[in-house]
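Paired with chain B in one complex and with chain C in the other, chain A is shared by the two complexes that follow.
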Partner chain A sequence: MLVSARAPILLRLVAAGVRQQTAYPLAALAGLVANVTFGFLKVAVLLATVEAAGGELNGYDAGTMSAYIWISQGLLGSVNLFGRTEIAERIKSGDVVVDFLRPLDVHAAAVATDVGRSLWALLPRGVPSVVIGAVVVGMAVPTSVAGFLLGAVSMVLGIVVSCTTVYLVAATGFWLVETRGVQILYMVVSGFLAGLFVPIGLFPTPLFAVASATPFPSMMMYPVDVLSGRVAGWDAVGLVAAQAGWLVVTAALGQQMTRRGRHKLEVQGG
Partner chain B sequence: MASTGAGKVTDLSAYRAVLASRMRAQASYRASFALDLGSSLLVGVVELAEIAVLYTSVHGIGGLDLAAILLVFGLADLSFSLADMAFGHCDDLPTLIRAGTIDVFYLRPQPLLAQLVTSDISLRRIARGGVGLVVLVIALAINDVPWSPAAVLLLVLALLSGLVTFGSLFVTAAGCQFFLVNGAEMTNAFVYGGRYGATQPASVWGRPLVVLFGFFFPMAFTAYLPVVTLLGLPGLDGLPTWLGWCAPVAALWAVVLAALAWRVGVRHYQGAGG
Partner chain C sequence: MSSVSMDGPIIETHGLRRTFTVRDGLRRRTVVAVEGLDLRIEPGEAVGYIGANGAGKSTTIKMLTGILVPTAGEVRTCGLRPVPDRRRLARHVGVVFGQRSQLWWDLPTEESFELLAAIHRLSPDDARSRRSELVERLELDEFLTTPVRQLSLGQRMRAEVAAALLHRPRLVILDEPTIGLDVLSKQRLREFLVTERHEHGTTLLLTTHDMGDVERLCDRVVLVDRGSVAFEGTLAGLSRTVGADRVLTVDLAEPVPDLGTVATLPGVRHQGHEGHGLRHRFAFDAEQTTVVALLAALSAHAEVRDLAIEEPDVEDVVRRVYAARR
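This part shows the complex of A and B:
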């Protein structure tokens, strides 16, 4: 038992999410192997880019670029850039009806379970990825304790924003039933704008503006910027504030969509 | 002997019937199919954008400028997309194994791999291959290609070898799935990691990566090395420029690897019961 039975219900759901993931250690190892392989390919091409630019490119040097690569690879297990969720399946199959009958907020419960799963993934996938990067390639870190603390806050906020945003994809299922198209669109756009393969700091200005107007950088790019110390001081606080803003917006939207979707919900078959 | 011959003809027509039904099925949900095509087009465009962002921010990476990397990208993406269309659904094997549905495949009097490969064909990947083809054509126009019969032969060889290499990669991954089951994601390291690596200049890789993606999974041979040979660029340290001509040898090795992985995997499977 991770959390006492008398703990608030959402906290217990987070713990349940953690327990669910600990049951599949091989899956976690597989994810790590894939992430680290991609990490080394990214290191090769991105460090060559920094070198070609003369050692510094839009505020990135070898240390911050390496930190960007390994922290973002480590976050991949925790930040949902695929758009697939369990709740989406439950809305499609109609099982969500059972969830509505429970004395629980469907939206909050789905997000809490997801957050639990994502937080757990930091251990088998996040930490080893960062350690491998730090040992084999070397990377930049924040220069102050406050920087580390803010980085931790930013990372948790990023994970929660990812869960509340991906819930919105699932919630379109109340109207669309089949959400595959939306999910694939989410997958393509989120990876690009979250800065998965190329940090958004290298984007041309118009594209950077587009990315900044979406919640995607809040999931991965901002936590990476704060954790690597590339952005520090009040600028870092600004990024965390932006994340908090997106959390409020996406969570409120999720509440609204769930409430309206409940009235719209049609269960097919019998 | 006549009966054997007749049997073979029937077998092939069965495969054809399955594939034709799959294609009709995908195209019949028009809205969904259009959306699928659109997203798969978008995937190609986004990957292109990522490369463009990198190569326009500096003057060339690993000895390739934007025009040259577009040629590498077009070649690799076209052959990968075609292989993905034919073999990509091998990725569904873990689901079949977990659910036990693969048992049915074992019971039919046809080769398991042939059944798996012909069980589906993902038409939506045409869109992605289209991006690769367009990029390839543009790249051939903007690069200073020394056109000759040899150059055309090199390109055709590279494309066909790439197709075989990537197809073999999917089969290798499928063979591993019999052992991994819950760890299915592990093969993404060399299938999708390999695809990502194939669109990079291999000259930026360190020694371990050259061994892994240059030779063991011969990704560098699908596009980078043939392009280096075609354009007469320096290429990999200490290796001859004509290495691009060896793409068919690399493809052959990939086939051997896939046959081995598949054979061992199929024999390992013991059924899920019930």
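This part shows the complex of A and C:
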């Protein structure tokens, strides 16, 4: 029992999400191996680029670039950049009827469970990835306790925003039933704009503006910037505020889509 | 805001209709799943909701519980409007979908019960007593700590039923609860439902293709055909509407070729004889003539050595009702 029996139900669903994920330790290990392998690949490419630029590239030096690489790789298990979710499967298969039979907000319950699953992944995938990076390559860290705390908040917000955003992909299933097309589009766009491949700070200005107008940097780039100490002080608070803003927007949209989607729900047979 | 009504019907629908849009290549077709359904179920009743696949049974259940939005018509469940009052209604209704699980797949079975108790905001005492009642009655002890994905189908269905009934719903809806179960598991589940109803006055609405379920659990059947009610009444009454009678087969001590006079009793037909009159078959309507009366009439003509009574096969009855309506 991770949380007390009297805890609010959404917290208990978060805990249930964590518990569900602990059933698959080998999957977590496989994910970690993949993350670390790609981490070293990014180290080879991006640190060489920083070096070629004379040790500093758009504000990134070797330490902050390494921190970007290892924190972003570590967040990959927790931030959903693939677009696939259990709730999307449930809407497609019709199992979502069971969710509608409970005295719960279907949207909030799905997001809570997903947040639990994602938070769990920080342990087997996030922490080892960052530790490996810090030990083998070395990386920058925040210079103050407040920076660390704000970084932790930013990371959790990033995970939650990822869950509320990817829920929107699933919710298109109320209309489309088969959401694979939307999911693939999400996968193509989200990783790039979240700053998975290169930091969005290295984007040309117009592309940077496009990325900033989406929730994707809130999932990964902003937490990485705050956690690595590259952005600090009030600038960091600004990024966290932007994350909070995206959380409100995506959650409100998820509520609306669920409310309207319900009227479109077609579960035939069974 | 409508309130939860403790009196009046527990389910009431008027002219309930639901259509689905089906894509047929590029063309769209409208399929009518439920058409003008009028249903009324009183608290404490046990009703078998039967009909062929695609007759609209599951769609009806989903409208009764607020999952699907009706295309037209009215529906009240426990006095509430299912769609706008879905979350409040969920506290009074327990649903078992034989084909879908409401348990947490990767978690030990008992954790699903804990989560559901929290979801339904049961007090710890209430949750504990209800849980132990269900664990005992449904014999869940042996697998409470087993993850749901490792349960056998029989175990899982028992756990599903416990999960649906944990919050002591007034109305329990079971959508094909015995599908795929072996004879013993079916029997256990039926016995549990009979006890539950007896002790808590729970209303049961059951869809099934297993007529054993209907015979053992239900006082009344509602037969749906193409989305509307084709018959409503007792199972015996359903058999009667299509002339599906019980059949008495008697073996006599001596051959008696002509027993035709017995067939003059009301509701009795002589179906024929074999072995030069050693064995005779009589179809009879149990409402008009009892087995005892029939036997008494027989023994006036011959000595009866052995007898067998066949009940009408309900699936055959349903088939005949459908055939008569086409």
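Assume the second predicted complex is superposed on the first by the 268 of 270 C-alpha atoms of A that agree within 3 Å, B and C clash if a C-alpha of one lies under 4 Å from a C-alpha of the other, contacts with A are read in each partner's own complex, and residues count from 1 in each chain.
Note that contacts are C-beta pairs under 8 Å (C-beta built on N, C-alpha and C of every residue); 3 or more make two chains touch, one makes a residue touch a chain.
Note that this is a predicted model, so its numbers are computed, not measured.
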Clash or fit, chain B versus chain C on superposed chain A: fit
First (chain B), second (chain C), both or neither touched by A:266: second
First (chain B), second (chain C), both or neither: which does A:248 touch? neither
Quick note, chain A centre (C-alpha) to chain B and to chain C: the enclosed angle in degrees to the nearest 10 is 90
Taking the superposition as given, does A:31 touch the first partner, chain B, the second, chain C, both, or neither? first
Which of the two partners, first being chain B and second being chain C, lies in contact with A:149: first, second, both, or neither? neither
Tell me which partner A:131 touches in the superposition: chain B (first), chain C (second), both or neither. neither
For A:197, decide between first (touching chain B), second (touching chain C), both and neither. first
Please name the chain, chain B or chain C, that touches the greater number of residues in chain A. B
Contacts for A:209 in the overlay, against chain B (first) and chain C (second): which applies, first, second, both or neither? neither
Considering only touches as defined above, state whether A:13 meets chain B (first), chain C (second), both or neither. second
Partner chain in contact with A:184 - chain B first, chain C second, else both or neither: first
Give me, in Å and rounded to a whole number, the least C-alpha distance separating chain B from chain C in the superposition. 8
Shared contact residues on chain A for chain B and chain C? 24
What does chain A use to touch chain C in their complex? 1, 5-7, 9, 12-13, 16, 19-20, 23-24, 94-95, 97-98, 100-105, 262-263, 265-270
Provide the residue numbers of chain B that touch chain A in the complex, in ascending order. 32, 35-36, 39, 42-43, 46, 49-50, 53-54, 56-62, 180-186, 188-190, 192-193, 196-197, 200-201, 204-206, 208-209, 213
Within their complex, state which residues of chain C touch chain A. 20-21, 33, 53-54, 58-59, 62, 65-69, 83, 86-88, 90-91, 93, 95, 97, 99-102, 104-107, 111, 114-115, 118-121, 124, 147
Can you list the chain A residues touching chain B in their complex? 24, 26-27, 29-31, 33-34, 36-38, 40-41, 44-49, 52-53, 57-58, 178, 180-181, 184-185, 188-189, 191-192, 197-198, 202-204, 207
